Structures are given as structure tokens and as C-alpha cells.
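Two complexes are shown next, each including subunit A; its partner changes from subunit B in the first to subunit C in the second.
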Partner chain A sequence: MESASTMRPASARSLGASTFQGTGRVRFVQVAAGRGGRATARRSGPVAVVAEDRPVIIGLAADSGCGKSTFMRRVTGVFGGTPTPPSGGNPDSNTLLSEMTTVICLDDYHCLDRYGRKEKNVTALAPEAQNFDLMAEQVQAIRDGKAIQKPIYNHVSGLLDPPEEITPPKIYVIEGLHPFYDERVRDLLDFSIYLDVSDEVKFAWKIQRDMAERGHSLESIKASIEARKPDFNAYIDPQKQYADMVIEVLPTQLIPDDQEKKILRVRLIQKEGNKNFDPLYLFDEGSTISWIPCGRKLTCSFPGIKFFYGPDTYFDEEVSVLEMDGQFDKLEELIYVESHLSSTSAKFYGEITQQMLKNSGFPGSTNGTGLFQTIVGLKIREVYERISQKEVLPVS
Partner chain B sequence: MESASTMRPASARSLGASTFQGTGRVRFVQVAAGRGGRATARRSGPVAVVAEDRPVIIGLAADSGCGKSTFMRRVTGVFGGTPTPPSGGNPDSNTLLSEMTTVICLDDYHCLDRYGRKEKNVTALAPEAQNFDLMAEQVQAIRDGKAIQKPIYNHVSGLLDPPEEITPPKIYVIEGLHPFYDERVRDLLDFSIYLDVSDEVKFAWKIQRDMAERGHSLESIKASIEARKPDFNAYIDPQKQYADMVIEVLPTQLIPDDQEKKILRVRLIQKEGNKNFDPLYLFDEGSTISWIPCGRKLTCSFPGIKFFYGPDTYFDEEVSVLEMDGQFDKLEELIYVESHLSSTSAKFYGEITQQMLKNSGFPGSTNGTGLFQTIVGLKIREVYERISQKEVLPVS
Partner chain C sequence: MASFAVSMRSGAPVRASVARRHAAKRPTALPALRTTRARTLVVRSKPDVEKAIEEAKEVCEGGENEAECATAWDQVEELAAAVSRKKAAEANAGDPLDKFCEEVPEADECRVYED
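Up next, the complex of A and B:
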């Protein structure tokens, strides 16, 4: 116990578990700070102290055309190396391998190919088109350290090709439409992410890609989105309740009646209570904050950048939300923002900025999608380290 | 110059004057931090390095009935001791002495007593009722280290009593209706404060005091406020443009259509660029922030507490505004808030809380008036230390 007069301002940041005595003089006991200098009473740091020598299983759910592959390139970039398809195998394999990670696409577990779906009149979103028994069995096998013969769905031909062998990696990422649909698969995941792009933004992206780049008509794009909606709402969307983190992509609120949908408001919804990671926060954990960093020390061009952070509930569960509206147009803005985020799982100050710069050619590099995807990559590294009790060196 | 990978999170707080080179790797130069750990490009810390051995002159402007005496008790409390009237002098003296401070009331410079004002049909607010020549001459004399024979306005009799001798103190505070009205007096001030209570709150306070405690009627209170208004608006209110700090007291915005006016929204408007003090800030200097500290780590009763901080302009001058809406109902809330304020001029962590506790019987102790008055006291200490280059030990 220290008297107030010997406390230095530097120790004044966090006060979660202080107790007070006396009235004329303030005395308090400060609980030892957890990871990243936080002092909290709720959490006492990593719980998994017994190392588990097994692949860590990560699930990423998102609709097609929502930037899953960019997301995966950001995540694997945190671990270094360039992800490549299995060498000498099927050139249409959906799998990407790097030294530490293997990313597989759950479309490979289609039990109906393009013609079978047409025949039975079901979409690729329907559970009837997926082989969940095999998916559960093979994810369990990988988790148990066993190699699998995973089917390949050929996106070019629309047919099921002969399987490829997948050996257990350090980090196994299953990405696709149904990673949390089947309870058996869901229960095998150490960390789960849902990329939730709002209809307005999805529509603007599809127009950009399918109309500008592929010559589709506006009507056909609208029709294809509408046709997907019933099954999407029935089978894909409800999975977000199971995610540890949801990245919501919405139109900006900084420009009234914005029609362009180029500036995005992106929300990172972080579930509380997963022992494998700590949610990140802005300034003061657990309070409610809005922050416009652009001002005297940092100048930004129109429409600026606005952050929000605060506790909330999501499907009746306790979450912390971090929101970024607007986009970075100068490097200073990105590193300034990084400097005010806490519990990011970065290993050194500037790591987020460094990752963003390295991948600056990827879509979303100047807004919250790129920022939060990069942070998710760091969180996955933290999850791996907590479970394996092995340190991953940062890459440059 | 350090490479990003060797920077530690602890150094990540402030980034004002960083420069960047390269793209794949972040390199930057960090300018040495100023007072209190801030790193800014704009200010380079205290400028007055040559000690001035003279009384420091402080001005406090406020209407009567707005809590000037409570304010002064909070300010002098920072320097310790109990302020007392000059011993053996006029029992109706308005002066308060303590070891370091002398507080005089500018009503003593009335050139017209109650009867003279009645005869000439001027109010106590009118410049014609003040002897500004003598005020300027005597403040200058004190600043020059000379004793003065200051008149006494007797508030009981309404007459001018024989003068009292005032010797130069370390800190000389002139409080009253016109401390910044006369340019000669204004130019002698090292630090100036205006207490700006909104009409709605003033009215609620007067009802409390004059109706509940003194038995006046609601109509007479309204009439007396209305009668004062023209002269107040003409002669008192415009002085706030000259203040280094304005404390604005407004009704709460936390309770829609609040009628009670017991919960207050208090704004501390801090002028930028006075070399004798640094404005305090919340979380991130120069940005715009709203903060509801009540959440996961801190629980508060209805209607809670809300802070705002941001740059603004005030009478065309650059200011920083810190606002507190709501009130503290537990000690934890006060010390939690203190822990997130920076550049407060406190000498140890907890000093604001300690001062607030010591004076917890004073009006406004649970809201922004008490908090900001206490902070003004600490700023006055900082002004004194910068000018005199002498250290003042904190009192307990």
C-alpha cells in the first residue's frame, strides 16, 4: 500500500480494482496490471497456462464477394510468408498454405455440385448442399493432429474434384459460408469471426465489381442479390451470434445522405469473456467514448475520421464495440490512431501501421475494414500463443 | 532515430511532432516530451525562466451570489492554512489573508456608497460607482512590492470605511465585479478567471437562497434579477472575453426538461497561449472527445456523468473546452475521473481528489463547479511557480 503523495502521474491510467480508505487522505491498493499494462479486476490475464500441442482452429464466416480473400491475406500476413496453393496439386484448389497457417474454403464441403443443386432446386447457401458430417469429422481430425483427404469444389467447373491431402498446420482457418452453422464444427473453433457487410455496401461493391468490371446490368445485379436473400437470412446471417468478433461494414454517417458508399463506417464487435483473447479498447476500458482525432495535433481532409468505443449487448451477450467512420489519407493519421488503441495484441508500437503499409495495395487499406482485419490477425496470433504457449516472432 | 520494432508500447501515448520516412518500415523521430509527459510541437514548455520576485496578480470576476467566496476558499485551500480577515482591523473588512495569499474584494473601490449611488441613480455595477484610477494605482503598487492603504466598502452599513493597510503577499487575488474592466488593471493580471453562471441556474440559486432562506417572494427575486440585467450585460458580462479561464455553469443536459436545476453542466473554457499555464485535457490533447466514464469498470447512479473535451473558439480566440455534466456520488467516481485528466498541474496523483475531500462541505463539491474551481487553484499555483521559479509544496 502506498500513500497518495508518493504515487506518480504515470501510474494513473487505470483504476479498475482500487479500494479507498480514510477521507482526508486518499490511500489505495492497486491490483497488478495484466497484459498490456491494463489493470482490471474482471480478468486476471491468460487462463490457459497448460500448453496444448495441437492446431489452433479459426473460423471466418462471410458472404461471397465480401472480401474474405483480402481478409485472409491480411491475417496470414501477420505470420509472414506468401500463402500459396498446395504445390503440384489441383490448380483449382481453394486451399492456401503458408509456414504457420492453412486456410481452407468450406465450399469444398458442398455435397451437391452446381448441377445437383440445380436439379434439387437449392442454392449454394442451403444446408442441404453442405456435407456437415464430413466437415465436422475432418476439422476434428485436424485438431487431433491427423491428416485428412479434403474434397475440392471446383469453382471453375462447378464440379467436385478428387480430394487433396491436408496435413495439420499450426493454425487452421476454415473460411466460408457455414463455419458456425453446425454445432459440432462450431464447438471445435478457438476463435471465430463474422464479416457482416450491410446490404447497402454490398450492393455498392457488387455494382463496382459486376457492372464496372464484368459488364453486368444494374437490374441483373439487383435480381441476383434479391434471389440470394431468403437463404442468406435463413442460414448465413444467424451465425453471427456465435462469433467472437464481428466486423460490421456500414455506410458512413459523416456525410449526410451519402450516395457513393465509398466512405465506410466499420464496427468491430468483440465478445467479452473468451479466455483466449482480450478485446481491444480506446482510451478507457469499459466506458463510452467518441473521439474525433482530427483537431489541433492532427489535421485530416474532409470528411475526417470519427471513432466510437463502448460496451453493448449483441444477441444478449456482453460485447465491446469499437467503431471507425471515415478513412485515413495520411500515414500520420493511422499511426496516431494506433497510438491511442490499447490491448491490440501488437508486439511493438507501430506493428499495426507496419502491417497496413505492407498491404497498402489491398482493398480497404485506408478504412476500418483494413484496420480491423489487421487487428483480427494480431488477435489470432494472440489466441495461438495462449493456447500453444509458444511465442510467435513479429514479421517485418 | 529508432526503428519501429524497438519502440515500446509505453512510449506510444503522444505523437505530436513525429516525422515519417519509408513505406515498408515505419521510422520516426520523436520530439522530447514537455511538462507532464506531453509531447507537443506547438509549445515547448514554460517560457518564463527568469524568476520574477514580485507578487503574482490573479483576477476573479463574477456576479454576486455566484459563489465567489466558495471559489476563493477552494483556491486558497491549495496553499494551505485558513484565510482570516486582517487581525485587529475593521471587523467588516472584506479582505482574507493566508500565508501565501491575500484576497481583496473590488467592492472596496466603490467611489459611491449606497446613498451616493441612490442619489445619482446608478447601480453598484456601473463604472461610475467604481474608482478605477485608485484600483489601477494600488494593484500596480502591490505588484511593485509596495504596501497600500486600501479603502473598505462596508457591506453592512453601505458606507466607505477608513482604509486598511495591505502589504504585498506572494499571491494577490482581486475578486469582484470589475477586475478586467479597466485596461490598466487588466494588464497587470498574470491569470484571470471569469465565473459565468447562466441565468437559469442563477435564478434557481437565488430562489434557494433568497426565498427559502431569507423569505423573499418569487416575484421580488425575479424583479431584482431583471433590474440588474441591463448593467450586468453592459459592464460585467463583456469582461469574460479577457479571461484566461471561464467557468460556465449551465443546467444539465442529462435529464430532458430538467426543472430542478440541481444537476449542473459545467464548462471550463481555457484560453490557449498564456505562457504561465498549460490547459488541462482529457485523453488526447487537441482532439474532440466525449466520455461517459460510467460503464463496466465504474458504475454511477442516475443520471450519470458525461465529459466532453475539444478545441473551440471563444470571442475569436483559440480555446480548449472541458465539460462535466452530472455529479459524483461516490469517491471512486471522482478519483477515476482525476486519473484520466492530464496536465492538471496536480503535484501527485490524487491531489485533486484530496482537495475535493478536504472541502467536501462546500457547495458544488460533487459537480463540475467544485472540480474546476479546485483545478483553477492548482493552475494558480502553477502560474505562481512559473513566474517566481519557486516551488510550492503541496499541502495535505
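Up next, the complex of A and C:
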């Protein structure tokens, strides 16, 4: 397998020539192409683009609380630096600042604090608990280049604290339960991601998180998930139809009757037609591929790795789906897989692997969650570069 | 040149800078007199989660009031998330001695003897 040269200019995306030899003795040569890199009629080649000098707004919907999430750390890691809370401000602030990115938690737009919600019998998932007017107003203000005084929802006390000042960054990420619920906010987003964790996996994760705590039991964890489900299904789940990318986390299909839920099947659902990014693909864009990289050239330990790629429809829209089931066991496997993916927005051969290694302590580092979250970070970089027409140098 | 020394107390490897600090001070000091790396027990929040779970179980018993039930379990979820996030932050906090020495560099424990 030939490797591409190390530092490619921002315009080239594919990995140069590579060969793939499966059992059917298929050989293909994938040629480095210009931006866009393929001959589909749908997306035309480079056109005159006007650079927009404004913050790029990214929305991330996730049920796992915000701020310190692994997803955010992987994404901001692509841009370098360590995200830290604003210095000198409220120590319980949920905001994270890096050189290029600012991540805010949408819980800050709760209009009812924990006690208010208890009184009114409203969950944090319900729209009645959010101040969408203020959210829309402030996201618009950031986009217009103005600083805002954003409230702080203190997760420790459950109260709303005095606001903190947020100045417009290059990349502004809003993370929380309702980033694309309100239409006004949705229209301001340049790129949106929804993290969709299936019930079984959510249950397994919550068990891991809570079982060591006193008072919790399997039943209480189950009851908690079940009780929140109606609101979740009514208000949070429907947002996924608006996302540019959905990361679905499901139990593995490689192990029958798997109870541990440690091996995961992760699907990256990518919407077609957003001019700010190109979906990633495997081997041949638009075709359907089933790929098991483990074989003669690569040995994997149980249960191995299985990929699937193909077009599909999702909520009546055209998407392409890349799916990874299984677990990375060694570095070799990760590099091998990376070298066969196309249109990943990596700037040099091995960038994905490097990012994964950098964050190898985080959960999901050995499966599709880490891989796709890292790639989403690279896609966010691509979105930023296309809108701002500025190049972002890859970090080491 | 070894960059690790071995702690006199536990026999575990420690960084050379830390070992130097310890060695420079009182090589024969009793461990009990030093700043111990005590972990602060977060007693405050644990009962809150337990209490909230009890409350939620009570509220949901009848099966009648869905809104109250959902709200009660939502409160539990929020508290449990806060506890686990706090735990994760503490686990990643790093060497307590380093943190202490950042704040109070003139303390005895933080004396560094450069060769």
C-alpha cells in the first residue's frame, strides 16, 4: 500500500494511489483529485466562493450533559489547544474556550431552574423549560460578531447564575438537548450533528455510570430512562431529522446475545446536499460496500471489525451511511482502516489515527464512536474553511 | 539518566522532581506528618441523589401522575450526572502535590533543589 506524502495542500483530499486486494482479487486505484474529488453531476467543481468573515456556528444535540463531553473534546482537539473554562469567572461555568473554538452548553438557556421545574412538574427536556427567544437572539448576535451576556445554569446548585460575557470566536459550538428545536436557531447553524444512542446502549452506559453510587439499582436506572422517554421522544428525538450528520450508537451484531454492550455498532448518517462539506465514503461513492478488513493482510482479534457503506434515505432525505461494527485492537488496524476511507477531510495520511491516539484515554477510542467523532471534528474544520476561505493548519 | 525514582513510602515510581522535593526536605520524616494526598469525600451530594431516588419511587408508585413521575426521575438524572461529572473531574485532577505547590510555592513540601 503506497502512502501519500505527508503534508498535502488543503485542496487535495484523497489519499493518493492505494490498492485493495480482497478475496475476489479486486484492484482499484484511487487517484488524488482536486477539491470535491469525484465526477458526480450533483456537486460541481470549485466555484467562485465569497469568504464570509463571521463565526461559524455548529450545533450538537446530545443527551449526555454538556461541556466536558468526550465528543466535544475530540472535536476541539482537531483545532489544537486544551479547552478550558473562562478564567476568572464563575467556576461552575459550562463554557469551554480554546484558541479557535468556544463551546457553550444550552442548559444555560433554561428559563426554569431545577426547583422551578420541580414546582411546575416539567422535565429539562420540555420546551417550556427553555428560553428559545433568548437563545435565538444570542446565537444571532454571535453570528453578527457581537459579544453577548449569556446566563449560566449552575449544574451543581441547580440555579441560574449571573451571566458571563462571551465574545464571538471563529467557531461557536452550541451543545445540549435543543440545538435545532427552534427554527430560528436552526437557520443559523452551518453544521449540525445529532448523537443518537439506542436504548440498550444508553442503559448499559448508565449502569456503568451510576451502579457504583448508593441508592441506584438496575430498576431505578431503568425507571429513570423509561420515565424520561415520553418527553425525550416528543421533543429531543425529532430533532435528528434536521441534523447534517447523525451518529447512531447501537449494540453490535457481531456477537449474538451480547449482554455487555461493550462492542458497539456505530453508524454515521450523512446528509447529501450541504455545500459546506463532502460526505466521507468507502471505496466507491454512492455504491454499496460491505467490508471486513481482517483477513490475510490484517489480523484482528475477536470479534473483529466490519464495515458497511451505502446510500439510503433518512426522513425522506438522501443520505449516505458509513457503519462500523466491532473494535480496534491495535494501531495497525486503525491505520489500515483510515487508509481505505475517502473524503475524510484529513489533511495528511494518518491524521485520524494521530487524533485517535492523542485521545486514546477517552471512552470510545477503540470503536466507531471515537472514529466518527474524530471525523466529525475534521468535517467541522472543512465547513469552517469553506465558509471563511481560510486555511486551518493541522495540529500535532 | 533515570527520570523516575522510587517513592520511599509506597515503593511506587515518582517523578524525579517530586523525589527531589521529598529528598531535599526531611529524608527521615514520618509519612504521617506530611501533607497527605487525601481525597475529599463528597458527602454532600450523595445523600441528595439517594433522597431524590426515594422521592421519585414514591411519586411514581400510584402510576397516576405521569408528569410528576417524569419530573422526579429527571431530577434524579440531573443529580446523578452532576455527581459522575464531579467524580470524573476529580479523577483527572492530576497530582495533588503539584496543584498544592502551584498555589503555595513557598511551602516546605515544595522546595526544589536544583543541582
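Rule of thumb we're sticking to: the second predicted complex is superposed on the first by the 347 of 396 C-alpha atoms of A that agree within 3 Å, B and C clash if a C-alpha of one lies under 4 Å from a C-alpha of the other, contacts with A are read in each partner's own complex, and residues count from 1 in each chain.
In this section, a residue touches a chain if its C-beta (ideal position, glycine included) is under 8 Å from a C-beta of that chain, and two chains touch if they have at least 3 such contacts.
Computed from a predicted structure; not experimentally measured.
Novice: Which holds for A:218: it touches subunit B only (first), subunit C only (second), both, or neither?
Specialist: neither
Novice: Just to be sure I read the superposition right, which of the two partners does A:283 touch: subunit B = first, subunit C = second, or both, or neither?
Specialist: A:283: touches subunit B, not subunit C.
Novice: Using the touch definition from the top, say if A:340 reaches subunit B (first), subunit C (second), both or neither.
Specialist: A:340 contacts subunit B only, not subunit C.
Novice: Contact-wise, after the overlay, does A:51 reach subunit B, subunit C, both or neither (first, second, both, neither)?
Specialist: A:51: touches no partner chain.
Novice: Quick check for you: in the superposed arrangement, does A:234 touch first (subunit B), second (subunit C), both or neither?
Specialist: In the superposition, A:234 contacts neither subunit B nor subunit C.
Novice: Looking at the overlay, does A:124 come into contact with subunit B only (first), subunit C only (second), both, or neither?
Specialist: So A:124 only meets subunit C here.
Novice: Just checking: does A:147 make contact with subunit B only, subunit C only, both, or neither of them? Give me first, second, both or neither.
Specialist: A:147 contacts neither subunit B nor subunit C.
Novice: Which touches a greater number of subunit A residues, subunit B or subunit C?
Specialist: Looking at subunit B versus subunit C, the one contacting more residues of subunit A is B.
Novice: Just subunit B (first), just subunit C (second), both, or neither: which does A:296 touch?
Specialist: first
Novice: Could you list which residues of subunit A make contact with subunit B in one structure and with subunit C in the other?
Specialist: No residue of subunit A touches both subunit B and subunit C.
Novice: Quick one: in the complex, what on subunit C touches subunit A?
Specialist: Going through subunit C, the ones touching subunit A are 46, 49-50, 53-54, 56-57, 60, 66-78, 80-86, 88-89.
Novice: Per the contact definition, I'd like the list of subunit A residues that touch subunit C in the complex.
Specialist: Touch residues, subunit A against subunit C: 64-65, 68, 114, 117-118, 121-125, 155-156, 158, 209-210, 213-216, 220, 223-224, 227-228, 230-231.
Novice: In the complex formed with subunit A, which residues of subunit B make contact?
Specialist: Subunit B residues touching subunit A: 4-16, 18, 20, 23-26, 28, 36-37, 40-42, 283-298, 310-311, 331-332, 335-336, 338-340, 342, 346, 348-351, 353-354, 357-358, 360, 394, 396.
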